[in-house]
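Below, subunit A partners subunit B and then partners subunit C, in two separate complexes.
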Partner chain A sequence: MVIDTRVCQKYAPCEDCIHACHHLHNVPQIPYKKHEVKWIWKDEFEHAFPDTAHEYANEVLHGREFLLLCNHCEHPPCVRVCPTQATFKREDGIVMMDMHRCIGCRFCMAACPYGSRSFNWRDPRPFIKNPNPRYPTRMKGVVEKCTFCTERLAEGKLPACAEACKHGAIVVGDLADPNSEINKILREHFTLRRKVHLGTGPSVFYII
Partner chain B sequence: MHDAGKVIPGIIAFVLFVTVPFWTNFGKAAPKPQPEIPKEYKKCVESKEFMRREHMKLLRKWRFDVVRNNMRIYINSEGKPINMSLQNECLRCHSSKKKFCDVCHDYVAAHPYCWNCHIPPEERKGWATKEVKSLTEEASSEQPASHH
Partner chain C sequence: MLEKALVGSKKYYALVFFLAAIFLVGFFFFLKQLKFGLGITGMSRDVSWGFYVAQFTYLVGVAASAVMVVLPYYLHNYKDYGKLTIFGEFLAIGAVTMCLLFIVVDIGQTHRLFNVLLHPTPHSMLFYDMIVLNGYLLLNLICGWTALHAVYKGTKYPSWVKPFIYLSIPWAFSIHTVTAFLYAGLPGRHFWLTAVMAPRFLASAFCSGPALLLILIYIVKAFTRFDPGEKAIRALAKTITYALLANLFLFGCELFTSFYSGIPGHQFSIKYLFAGLHGHMKLVPWMWTAYALMLVAAVLLVIPQTRNNLGLLPLLCVLVVIGTWIDKGMGLIVGGFVPNPLERITEYMPTFPEVMISVGIYAAGFLIITVLYKIAISVMESRGLI
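Here is the complex of A and B:
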């Protein structure tokens, strides 16, 4: 996935992608920060790229907000630590969760360096205003995160966030295919990935 | 045995007392559960007998195929393709969890936790009954759920 952060900045404070994802996947809106659940959200440069940010950084970066979500890492530490294999990596590279198996130990949350995972401290259902009846919710005591819309990919659709963006800021494609659109974009633009030095191999790229 | 006259009736009274539930229900069978079968559909995924006996195993296999193997279509014994989804396929015909699933599950005191996450037809409208403000207050007045 490539996110063109210039486009996001241009149309700020647009959050269509976030609303689409959270509505579709019945992600609860819990106002109490400590119990918050999120699959995709925004944060500033210093928090998204703490190892790249410095006090003399280019000014445009200050106002810009960066969409953050699970990076579907090539070497996902969350998968390595999960004792139940509730979190696993699919053959196509998507880091997926089997909610039926999650025991809520939260090892994965400790292992993920990107804060991509949320724990259900409470029953999420009272916080889902307008549930999508075609998708399940989660229950108290499990961890959840972005699934790269596996249920949509299976139907040949794009991830909901990419589809929801009217401005085309989110492009999804096959990194393994050198001729794919996404590889072309990566060749032609300067991109950053989050905390690459940790060796997780994040698969979400940011055009700066 | 000096107190046989007290001990033996005592034992009998005790045995009678602990078997009270047995005597009060004696000869009365609980009525057989009658789950409501959808009228407009004639056939389930597999035969009635198979579904009755094996539905939990079938659902378990579906869950494994969908979540782990990214397979979404089940081919039944007649060769018919079926979308493997409890919430979107089974419940398309079975329009009431209360009148179908619960009837037998309650009878045998089985408590499957499917519905902790999968949304039953009765709850499609949602649960957000309380005002967000009162939920916020409630949430912040609580201790964090765990300090372990």
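Here is the complex of A and C:
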């Protein structure tokens, strides 16, 4: 996935992608910050890239907000630590969650260096305003995160966030295919990935 | 031998019922947690492990430390520990039981616990932790129980337990090493990502565990005729001293690496714990207390006159136990989560139900230890050994 952060900045404070994802996947809106559940959200440069940010960064970077979500890492630490294989990597590289197998030990939350995972500290259902009947809701005591919309990919559709963006800021594609659109974009633009020095191999790229 | 647990003095019954009552109170709060979810605790999206995991980590150390009496006795034939080993092993049984209970209350879907067995995952450290902890419980049950049974029968322990005893020695090291590996292998958690984590865990375990054992022995001594002998107590005090010094030394190594290298990420958690970060300083008084207690204890334990003062020793043990408990429990666990991976700060303090559930588990553990110690004392009394 490539996110063109210049586009996001141009149309700020647009949050269509976030609303689309959270509505579609029945992500609860819990006002109490400590119990928050989120799959995709925005944060500032110095929090999205704490190792890259510095005090002389230009104005542009300062004002810009970055979309954050699971990076579907090539070498995902969350998968490595999970004692039940409730979180696992698919053949195509997507890091998936089986919320029916998860025991809620939260080892994966400690292991993810990007804060991509949320735990259901309480029953989420009362906090889903307008439930989507076509997607399951979760119960308390399990971990969840972005699933790269596997349910939509299976139907040949784009991930909901990418589809929801009217300005084309989010592009998804197959990194393994050298001729794919996404590889073309990556060849033509300067991009950043979050915390590459940890060796996790994040698959979300940011055009600066 | 079990019948010895059923008859005892009024004080014994009172203690048993008292601990059982506290356990039930804890259980009541646990039922509330089951109903509401783990949101009843102080944990959050950012600090996703808290008081429970802290107690778990500390108690694994206590359990492992039984090896500090088992090893000299069985490997070096250090006869003075003869009477102590059984108590060390029984303390380990209580401690491992508490560890397992703390895991049970910490997971979000309690009834799915057995998924860990149904889907064994050899690349997860928790998988190994489950194996070594349960194995250690079993080993101590076998070794402790047969040793006591031999006393009961007035014989030497049967030779078939020997391999189990020898196995229990490296096994004790393994439980705490694997527990350290739960934390030390996570990318992006600078505070935990250190090769001295396992050595430091062992060092703090080998001072806090024997210190707790000595305190318990002093209590037993006050109420029964049991006396392990001055020599045994003095020897154990030396173990505590060396381990405490090693623990402080290893912490010093951490400080050097973090601050001499000057890498900010390696300093954040330590700064948060000891000085506060951006005005967040809930743990600062706790950490200073922990290190003050450990330092005072270290100085007084090093000086032979104070270490060998058998009246002062239990007090020093209390300092060691409290100091390491704060440091290795809350300090280590919460420190690893602050700041979060996005360098934002969320603080943590356990809530009342969370503390009550933990107290309940401690009560259960000490209930087990009380009953086991009672059996041991009665058996020794009936044999005229004490």
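We take it that the second predicted complex is superposed on the first by the 208 of 208 C-alpha atoms of A that agree within 3 Å, B and C clash if a C-alpha of one lies under 4 Å from a C-alpha of the other, contacts with A are read in each partner's own complex, and residues count from 1 in each chain.
Keep in mind that, in the parts below, a contact is a pair of C-beta atoms (placed from the backbone, for glycine too) under 8 Å apart; a residue touches a chain by one contact, two chains touch by 3 or more.
Bear in mind that the values here come from a model prediction, so they are computed numbers and not experimental data.
Look at A:Thr200: by the touch rule set out above, it reaches subunit C but stays clear of subunit B.
Residue contacts after overlaying the shared chain place A:His47 against subunit C, while subunit B stays out of touching range. Contact with both subunit B and subunit C is seen for A:His35 once the two complexes are overlaid on the shared chain. In the superposed pair of complexes, A:Ala12 makes contact with neither subunit B nor subunit C.
Contact with subunit C, but none with subunit B, is seen for A:Thr84 once the two complexes are overlaid on the shared chain. Between subunit B and subunit C, it is C that contacts the larger number of residues in subunit A. Residue contacts after overlaying the shared chain place A:Ile103 against subunit C, while subunit B stays out of touching range. With both structures placed on the common chain, the touch criterion links A:Arg122 to subunit B and to subunit C.
In the superposition on chain A, A:Tyr114 contacts subunit C only, with no contact to subunit B. Of the residues of subunit A, those at positions 34-35, 121-122, 139 touch subunit B in one of the two structures and subunit C in the other.
Those residues of subunit A that touch subunit B in the shared complex are 29-32, 34-35, 88, 90, 92, 96, 98-100, 121-122, 125-131, 133-139, 150, 154. Interface residues of subunit C, counted against subunit A in their complex, comprise 36-39, 43-46, 48-49, 106-110, 112-113, 115-116, 118-119, 121, 123-127, 130, 182-183, 185-189, 265, 336-337, 340-344, 346.
Residues 63, 67-68, 70, 72, 87-88, 113, 116-119, 124-130, 132, 135-136, 139-140, 144-146 of subunit B are the ones that touch subunit A when the two sit in their complex.
Across the complex, subunit A meets subunit C through its residues 33-37, 43, 46-48, 50-51, 68, 77, 80-86, 101-107, 109-115, 118-123, 139-143, 195, 198-200.
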